[in-house]
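Heads up, the next two complexes both have subunit A, just with different partners, subunit B and then subunit C.
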Partner chain A sequence: MNPIELPDASKAPARRGLKLWLSRLEGPQTMGRGPVFWAVVVLAVLAAVSYPAFANDYVVGNAAYFFVWTFMAMGLGVVWGYCGALSFGQTAFFGLAGYAYGVITINIGSAFGATWLALLLAVALGGVFALLIGYFMFYGRIKGVFVGIVTLSVTLVLETFMAQTAGPQWRIGDARLNGFNGMSGMPPLTVPWPGGDIMLYSGTALYYVLLGMVVLCYLGLRVLLNAPFGNVLVAIRENPERAEMLGYDIRLYQMLAFGLGGALAGLSGALYTAWGQYITPSSMGLTAAALPIVWVAVGGRRDITATLLGCLLVIAGFQSLTIYGSQYALVVMGALLVFTVLVTPDGLVFTAINRMGRLFKRVRR
Partner chain B sequence: MTRILEVAKLNKSFGGVTVARDIDFVLEAGAMHCLIGPNGAGKSSFFRLLLGEHAPDSGTIGFAGDDITALRSFQRIRKGISVKFQVPGIFKALSVRQNLEIAFQYHLHGASLGETVRRVLEFTNLTGEIHTPAGVLSHGQQQWLEIGMAVGVEPKLLLLDEPTAGMSPDETRKTGEMLHELNARGITILAVEHDMAFVQQIARSVTVLHMGAIFAEGDIDEITAHPGVQEIYLGAADD
Partner chain C sequence: MEFFPASFSIFYQFGNAFAFLVISCAGLAVIFGMMGIINLAHGEFIMCGAYVTASTARAGLPLPLAILCGTLTAALVGMVLERTIIRHLYHRPLDSIIATWGISLIATQAVLILLGPTMSGTGTPLGSMEVGERSYSIYRLALFASAVGLLGGLYLLFYRTRFGVIARATIQRPEMARALGVDTRRVYGLTFGLGAGLAGLAGGLYAPTMTMVPTMGATFIVESFVTVVVGGADIFVGAAPAAAILAVIKAALTAWYGQLFGQIGLLVAVIVVIRVMPGGLSAFIKRWQR
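What follows is the complex of A and B.
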């Protein structure tokens, strides 16, 4: 029997700073490692960068619209897939931040980069509201299916509230909330520029900004999930009692993960409002609340790469169905969810990537 | 000797069921002590009170000189209490290595974390299973993994709830050796155990709980010869 001897931590060489963070781009909590994986990632990004050269403005704008939703999906992936808390109400934070972006920009305008400040404030509001809801849920010992019930209730209450704000008394400064018809007339994201501000209406410029944000968010989440924080989230998902008995304040971690998920949903919401210059209460309704769950489940909730790819694929498919005449896009979404749950509970994309990886390894051998 | 655990007048009831009744209990630092008693005696409830999973109705719990009665579970763990559950409390979907890294990363980082994982793997005879998902280990290996997770950063007090439940005689013997090794390194051990042969292998002193109260306490030989204990526990076990 070998005795356990603790090594002297002060003498141990350790990776620090940027090197340490870069090393966490790969790790046990994220799929994909090694030069082949990163070559594929770089190729995918290059393909996305060159896409506008081969497609018309409408199609590129559509792709930008797809990117808008990925932040909410990745946030739900963190909360549900990694931390094990199924939130049915990410749209509450989406809608709140979307309205916040509208209210702020209608009141302060778009000059001097004010829309970016509005974006930041809207995201912060989504995050803080999620922290508040998370505090009451997790410190109130709510878990399992009840997290889904509480979060769904929150988003439906917000939807109902916003739908009855039609009267002229429902205004914040110059911004009318407009009830069920929703709020419009806010400026898009605007880049201050000598000789005239650049308005990022749906098109190539917005596409590139959103692509950059998606890549940064994806890489940032990989680092975070492979850091000790991500390990603890997975530990809580797997066995919360054991995680607490290792000295982790699991309620704090759950609340922080929920806050992060809320901030990312808020980012999607604020970007959605900036993209289309409108937001309605139905963005927080039952159908809207269910869709992120379909994207994340179909992609694969326990891996951020699968979540991102699954979200893009499902949204693109959903939109194609809607545009090209099918009346049954939502039915197909439901069927896809049932198929995933029954056949590939880890997610279609996750399972497909895993099988391809195994096949690739076998071929190399 | 220093007292590492001091429990005074501890009471806890759930409705009409009393699981802890005026428990006064002292554990010296460096001890290897067993709690025994028939089913429903209150052993596991006593552990849960020590761990902060249940709040006592009255009484105090002192650990290493501090009153920890009002602390939450994770705060007690950070003070140096560690636990191994009866049903292996491991992360079954994660690899053995991930289980150990998660267990130690609160205290250790970088190379020192890796080195500790390596030493614990050797200690628990799991070096060859480093990449194996913990859920597919044998029952005995899962128990050892959890012991490794509990002792990697050397707690002051290790609580073990039936550490050999479901183990083969050989695994039980090896577990006994492990616990002696840990105790020799200065870790105080308090174990709930049903297997009297194992109790005799590891414990120098024993406390008998009965109906939520301490029934007898003393040297293992005295306790096994105690007629009352034989009647309420050992005799009942033989029936």
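What follows is the complex of A and C.
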């Protein structure tokens, strides 16, 4: 499948409204089409839905923890894989939104679904901050490696800043920032319910909420990437000058894509804080910043499906290695990164899916 | 306060910041300027130089020789990595960043596993001197001198030696240089080794002033990245003046508001600079010269 092949407009029937958007669930910018693919997707979702029936609470909570990270990975997939701007600093938006969720919920409490408002505000804050950084970067016409350096510097400086907020003067309302030790004591996501709010602590309920969000986010991104917006992003990645000559303001598109990536990283951050009721500056540090890159690079950045699967696989692998000590796990991650770049530059999962797809076609003939 | 002690104090602050920026960014700037590769393992080469320097110095070697050992080890490691990994990625600059980041992860964690969370360093040599009411570390002044000497040495290397001519030719027109019989792969290898060695030198020079931890490279990288981004591709008309300007910003903010605001000031400076003059100082100065 050629990622830059253009949709054949003459063959496509004219569609409007909802039908048009639904038709964009499959298209040139995403892998997978036809009944077989969607059958597999439905089966996978059904398997995920029935999973808590077979596993104990701890394992389910752990799976929910994996889901928390996928949003940041998919956001990075859009920014890096589709738009071609390699950002090292997604953790800056992650951390900012995580702290924002904590500060807001500690101040306004968890009644009447206020935690969801806090989640929304935190995500918006991550997105707006990303738009701001994106404005300076893309309207300054910096590209390639410089995007990586600026974003990395942003996240490292944020880490340094948060790490020194230990004193009692660093408080926003009732929320103490607590410096290097991090912030804790914020409520988890809470669903207002007659006869007692449902607190979504790590467990089956949170698992289902997160699963729903992952599926929605995945399908939404598929639609967006196959819409004209996604086509322009890919055009910019393939050849910025050509895209510009065709009349697109590439700075605007890059900035918007970066903002979207920042908002998704923020969603991960806010959900992470809500999941563990805890956030520390090291979530914005150098090691933390490396992890999204590992997930997306190893999974495959050119396709949102590969990014999602790769992210889940790598996190699961990372966690099972952490039993032997996190420093060993990080050595393996580094080695995996170098190996991927040298041997399968498109990503392990992406290459594997492509091979399988080709094999499948050959068998059918 | 009298005039001389006050101005000396300002000069000392500036010299300290300038030396740190120049010394820590030199290796990164050489590799980026010459090969277009951002070496994210820069901090780990610095760590390597610092560790070798500290351990050889504690084994009894005089400090200058120990620093030389650190520099050479880092250069050697750099050349081996270039030969095995970086060489395959010259036509994919983004992938080369990722690969160097992978190397950096491996190096930091491997050092943590093998050598433990900290290592005892060596004390700061040369003592201190009194100017007015305050005392100043002589070693910091020596670092400023080394920074100036480093820039001079690099200038001589790139503009007055045969290697420099060949290296610059390879950077500007690789195909032409190859047609004239230059082994460009060897030049790239040597340049990467030079950059890694300069990082090792930075580690060696700062080893006596820091605590030895596996993540010590991270303290250098923000400053060195910022300097290289503000400076642009050329180390002499870019990185050096950028270091001077950033040193003024950093020294002033650090003196008034503390270390953290020095760093934040650097970050704001870099974001404004890329908006106002993309391509960095060197592109700006070169266009202005024309």
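The definition used in the following text is that the second predicted complex is superposed on the first by the 348 of 365 C-alpha atoms of A that agree within 3 Å, B and C clash if a C-alpha of one lies under 4 Å from a C-alpha of the other, contacts with A are read in each partner's own complex, and residues count from 1 in each chain.
In this text, contacts are C-beta pairs under 8 Å (C-beta built on N, C-alpha and C of every residue); 3 or more make two chains touch, one makes a residue touch a chain.
If you're wondering where the values come from, they're calculated on a predicted model, not measured in any experiment.
May I ask you to decide whether A:G17 touches subunit B, subunit C, both, or neither, giving the answer as first, second, both or neither?
neither
Could you tell me if A:P28 is touching subunit B, subunit C, both of them or neither one (first, second, both, neither)?
Once the two structures are laid over each other on A, A:P28 reaches subunit B alone.
When the two structures are overlaid on chain A, which partner does A:I142 contact: first (subunit B), second (subunit C), both, or neither?
It touches subunit C, and subunit B stays clear.
Mind working out whether A:N239 is in touch with subunit B, subunit C, both or neither, as first, second, both or neither?
After superposition on chain A, A:N239 lies in contact with subunit B alone.
Once the two complexes are aligned on chain A, which partner has more residues of subunit A within touching range, subunit B or subunit C?
The larger set of subunit A residues in touch belongs to C.
Go through the superposed model and pick first if A:N231 touches only subunit B, second if only subunit C, both, or neither.
In the superposition, A:N231 contacts subunit B only.
Quick check on the superposed pair: does A:G247 touch subunit B, subunit C, both, or neither? Answer first, second, both or neither.
In the superposition, A:G247 touches subunit B alone.
Could you list, by residue number, the parts of subunit A that touch subunit C in their complex?
Of all residues in subunit A, those touching subunit C are 86, 88, 133, 136-137, 139-142, 144-146, 148-150, 152-154, 156-157, 160-161, 164, 285-287, 290, 293, 297, 325, 327-328, 330-331, 333-338, 341-342, 345.
Can you check the complex and tell me which residues of subunit A touch subunit B?
Counting only subunit A, the residues touching subunit B are 1-9, 12-15, 28, 228, 231-232, 234-235, 238-239, 241-250.
Going by the contact rule at the top, pick out the subunit B residues touching subunit A in the complex.
So the residues of subunit B touching subunit A come out as 51, 72-74, 77-78, 82-83, 85, 89-95, 98, 101-103, 105-106, 108-112, 115-116, 119-120, 122-123, 149, 151-154, 177-178, 181-182, 185.
Can you tell me which positions in subunit C touch subunit A when the two form their complex?
Checking each residue of subunit C against subunit A gives 32, 36-38, 85, 88-89, 92-95, 97-99, 101-106, 108-110, 112-113, 215, 218, 221-222, 225-226, 228-229, 260, 263-264, 267, 270-272, 274-276, 278.
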